[in-house]
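Across the two complexes that follow, chain A remains constant while its partner is chain B and subsequently chain C.
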Partner chain A sequence: MIEAVISILIGALTAMVPLVLTSVGATVSERAGVVNIGYEGIILMSAFFGAIFAEITGNPWIGLIGGAFVGMLLGMLHGFITVYLKGDHVIPGIGVNLLALGVVAFGITAYWGTAGQHQVPTNVRVAPIINTPYGSLSPMVLITIAIAILTHWVLFRTPLGLRIRAVGENPEAADALGINVERYRFLATVYGAMLAGLGGAFMSVDWLGTVTKQLSAGRGFIALANMVFSGWNPLRALLGGFIFGFFDNLSVWVRTNPEIQRIVPWQFVATLPYLVTLIIVAGIIGKVRPPKADGKPYKRE
Partner chain B sequence: MRVDIKGFTKPLVESLVAIVIGILVGAIILAFSGYSPAEAYIALFNGALGSKYGLAMTLSSATPIILTALTFGIGARTGLFNIGGEGTVYFGAIMAIILTNLWGNVLMGLFGGILAGMAWMAIPAILKVLRGVNEVVSTIMLNWMAYFIALYIVLQKIPNPEDPNKTLAVPVSARFPIIMKGTELSWAFAISVIAALITYYILWHTELGYELRVSGYNERAARYGGINPKKAIIWSFLLGGIMSGLAGATEVMGRPPSYAISQGMANIYGYGFDGIGVSLVGRNHPLGIIFSGIFFGMLRAGATSMQIEAGVPLEMVKVVQGVIVVTIAIPGLLDLLKKVVRR
Partner chain C sequence: MEEVPIIEMKGIVKVYPDGTKALKGVDFSVKKGEIHGLLGENGAGKTTLMKILSGMLHPTGGKIFVNGKEVRFKSPADALANGIGMVHQHFTLVDVFDGLHNIILGMEGHGLFSKIDVEKAKEKLQKLMDELNFQVPLDVPVEKLPVGVQQRIEILKTLYRDVDVLILDEPTAVLTPIEVKELFEVLRKLKSQGKTIIFISHKLREVMEITDRVTVLRKGELIGTVNTRETTPKELAKMMVGREVVLKIEKPPKEAGKPVLEVKDLWVKGDRGEDAVKGLTFEVRAGEIFGIAGVEGNGQTELIEAISGLRKVEKGKVILNGKDITGRPPRELYDLGMAHIPEDRIHMGLVIEMSVAENSILGLHWRKAFRGPLGLIRWDKVKEHAAKLVRDFEVSVPSIEAPAKSLSGGNQQKLIVAREVSKEPEFIIASQPTRGVDVASTEYIRNYLIKLRNENKAVLLVSADLDEVLQLSDRMAIIYEGKFVGIVKPEEVTEEQIGLMMGGIKNES
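Now for the complex of A and B:
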């Protein structure tokens, strides 16, 4: 029993990586005032292209960087539409999510010639740094924790962070102080999408070692829920990501446990991460406050 | 009814430009992936429009996505991003199968779709009104829950004793008559067009529709004008639920040959997501949705012949759809293009 608990907790540390990275990225983006609901699609496309980069170069780390790079490009697209063209913040994200469904489903067949699924070879997957009898830990877990802490420090302890928060809270005042609202918003959007891309590539070249057209499985949106849950705070997003990751991993663990399966059908267990997300989101609304100018295009008068 | 023609021109041109860009970017991706774009597109358009059979397939493919597009469109007109059409389709199909197997007629099947759609969409409506839960997050979570719950029902509760690959079929007495023999086109298509016309009537020619649109346009103004935005939110979700529920019901009642749900739900999966694209290209207007639905139906219908004749994976059309929607999201697309052309 105690072994099972330890192994689920270690698994949760792994499952939290894409959620925390995306939540932390989304936090920075929204703190600067840009809403992006396209993380789901960014995770999916970065997982796909990250695996390709890793296989071409034979190096999983290039795969991770490549995934982050794809995230950056998609973030630049989103930033261009929302920040510079003053477009709606939600519709481009919907577009990216739909695009990802097509690109990845098409790409798996076109690139690897298999339908619906591709297994990433073991030699281009990130090797764990900590091995225990109950499971292993990827270096990405530590990197993710470091990114969350560092982002928190920058956001709340440096002039750069103050400016990022200023353009999301009161862009008029920030502009009056000579801060280039558009540039900070654009860069914050790109940073957010880049972290989501890193999380996506982690799923294919590290954690799951596979590319499927349903790989992201709602994680982009669970990460947004976690961002709200954590009150747009990277450190709390780290903790929240662990909780959401726990249920994500728990549902996988229960699914592979034949004794529990006899009592509860696996399909019901599979709904757990989504149900928990709904309950948590329904429970905390009203207690947290989004950045004031979140999702509002800024036009100079 | 008076229809404002002039106001339609700009969005229409923008949608057409987005479609052209989608097709062009698709051609570039095809060329990069080692396929011949010309060969692929000729096979696609020939398959979808080159014969009576192709046209019939286009219209039958348009049926469910016109309905799911109405879900998103009604939401958008009320200021809501209702992404929940996808999950609602599953329950509409399941309920239609259950009710038609109890009472074998078309009306009971449609009733089942409507009932299931309203019931499932009531969840995000309640969460939004009572707890202020953002509908994008709630409907996406509900889509995934719907997927697994529906999978359980399909496998365990309504399996077909004679064919393990699908569920119980809709009885012959409750199926939509086929319009053209040898094709998949049934009178279910008429349901989608009628639903779009009714949606248009409700939104623009009734008091309820006025309230929905005003609270979508400006919530504060709505409240000032004595309109209860919560009532608008609930009605928007319920009407949207009806549409996607009907999409599921008409799919199992009017789509030969199976008249059932396949085991992995492959034949009812993805309509909700396609519907979002259809609605955006149709500018979230019920009448625009009919036309963009037929266009997307054409892509779906032609995809199969593109795969067979040009060897291109049929998911290619989803890439084109995605590019079209991203392009639609670019504000002032026409002005931007004019600037580029002038350079």
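Now for the complex of A and C:
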């Protein structure tokens, strides 16, 4: 029993990484007023390119950084369209998601010559820092927790955070005080996409060690939901990501455990991650209000 | 040798992207250390000119000089760097931030990544507030504060940036006479410190009192600049409108009829859970204007919201035409003949991104007159309606398809008034009905309210403008901390007595 608990906990901490990173990134982006629904595609593309970088250099950390870098580039594209060209916030995200599907599906075959799936060799995967008989823990778990806490602190305690929140709530007010609305929105967008990219690379060069075109499996969207449930708050997003990861692992465990399946059907347990995350995270915080200017381009006249 | 003006604007032209020509070559110059008034009818271009001076808008043509040096402002940051700051007609506050963070935003102290030193900022601000004798609460989200206080936060925000030139766009529109007096004290103090102030207002009395010189605009053109000491309100009005204006309110005596609105022992809570309205009882009768005067934040907002179904009634009753409407939804109240001119035009009166035509039927949109087959909206009828409102109330709009946000502040207000009275209500709540409206239109709106009264409608008037309440009301109540200090007839009291009552002092004479 105890080993099952430990293994589920470790699984939860691992599974939360891409979710939490993306949720925290999306939180910063939307706090600044930029909606991005392209995280699904960013995760996928960063997973793909992260694996390539890792294999070329033989260093998984370069793979992670490279994935974050690819996220940054896609974030810059999104920021350029939404912030500087004052374009729609939703359409570019759809574009990135579709593009990613094509690039990765084609790329796997073109680069590795395999059909649909590529296994990342163990020597270019991130080594765990804690090993137990029931599973091992990646350093990325600690990094993710640190990023969530740090981002929270920056967002709510520093001038940078104050400005980011101001341009997402009332860009005109910020503008009138001489704050460069576009610059802060752009930076927040790029930061958000960068974290999603890091999360994507984590999936290929660390956690799962594979690249497929279904790799992201809806995580970009689940992360957005988590961001909303947690009221655009990085620490709550961390909690939400963990709860989701926990029940996700629990449902996998139930599925492989015929005795328990006799009592509760696994289909029911499979809905739990979504249900419980929603209830707990939304339940604690109650009414939330999105940033007032979220998704609205800012033009002076 | 003539002194170099601190601000000089030459031949300023502004054409908005939709083609509206708001300024047609305006010259404007301000001397260092003066209080300079800027006057003009709604839509004359005052706000546009000042937004250009504060870097918010780029001029289509013309030059700006500060202390004789030509400048080109790319953004408000450049204007602030040149010592020019503006308090906007429509507040630019981040609602969810408290006063402190609104004020320090953009000037939080060193280092983008260092912790904001809240205590130090508070100290610095307290010093500024003490120096000016101008106090605001610093740790309450500004959306929870009355507009008068929000206004002060806006002013402090600009002063915190240590500007030399302070532009105030209709700062007194939301203030009570006492608050105006306090503001003027502050302005005089700033002037004595050598600051230059540009002051926009529609109230000629204020302009005569506080300014040194006045510039008048009309329809985007400069009419002239005069010394305040050498002019009269009448002359200023003539410069603004272009003809002699006779400002007169006709109010024939009238017997009030049966009660239309009855409020009985009403208790309402404020946003912070405090009792804001404490057991009010009164009635508004047919053919009567019942005014409520008082310093803003004494329960007026909560009272009006409770009557109009926007806020929960804790205890007591509201009765309209004999029917208990306590806690009923607004839609039902409208169907029963209620109309409401809300105090906050941007947030409650209009959907600012929507067109004039769309705004003109808000609250009327379910009426048969605007519905075609399948309940779809008949846009031809809507446009007809909007065109009529715009014509009757002389709302100056680029077109009825233009978004409401492209209207000048006073014209937005006129549009709301026009829409609400077009509902042909039995009972109308008029909350600050002439806020920010120019002289001529103010008289039009006031006369219209009297016309409604003469047609035996009931009018509940709430205004921070004491003159307005005195002039229009048949009976008036003075509200203080959620209770009426008294209900009086305007002709039976002096302004001094009312002033005392507004401070909560009941006088027995």
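Please note the rule applied: the second predicted complex is superposed on the first by the 265 of 301 C-alpha atoms of A that agree within 3 Å, B and C clash if a C-alpha of one lies under 4 Å from a C-alpha of the other, contacts with A are read in each partner's own complex, and residues count from 1 in each chain.
Going forward, a residue touches a chain if its C-beta (ideal position, glycine included) is under 8 Å from a C-beta of that chain, and two chains touch if they have at least 3 such contacts.
Values in this document were obtained by computation on a predicted structure and should not be read as measured data.
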item	value
Which superposed partner A:81 touches (first chain B, second chain C, both, neither)	first
Touched partner set for A:154, first chain B, second chain C, both or neither	second
First (chain B), second (chain C), both or neither touched by A:96	first
First, second, both or neither for A:224, with chain B first and chain C second	first
Which of chain B and chain C A:162 touches, first, second, both or neither	second
Residue contacts on chain A - larger count, chain B or chain C	B
Residues of chain A at both interfaces, chain B in one complex, chain C in the other	none
Complex interface listing, chain C residues touching chain A	16-17, 54, 56-57, 75-78, 80-81, 86, 88, 92-97, 101-102, 104-109, 111-116, 157, 161
Chain A residues within the chain C interface of the complex	154, 157-160, 162-163, 165-166, 169-170, 172-180, 289, 292, 300-301
Of all residues in chain B, those that touch chain A in their complex	29, 33-35, 81, 83, 127, 131-134, 136-138, 140-145, 148-149, 151-152, 155-156, 270, 273, 276-277, 280, 313, 315-323, 325-332, 336
Contacting residues of chain A [partner chain B, same complex]	37, 40, 77, 81, 85-88, 90-92, 94-96, 98-103, 105-106, 109-111, 217-218, 221-222, 224-225, 228, 265, 267-268, 270-271, 274-275, 277-278, 281-283, 285-286
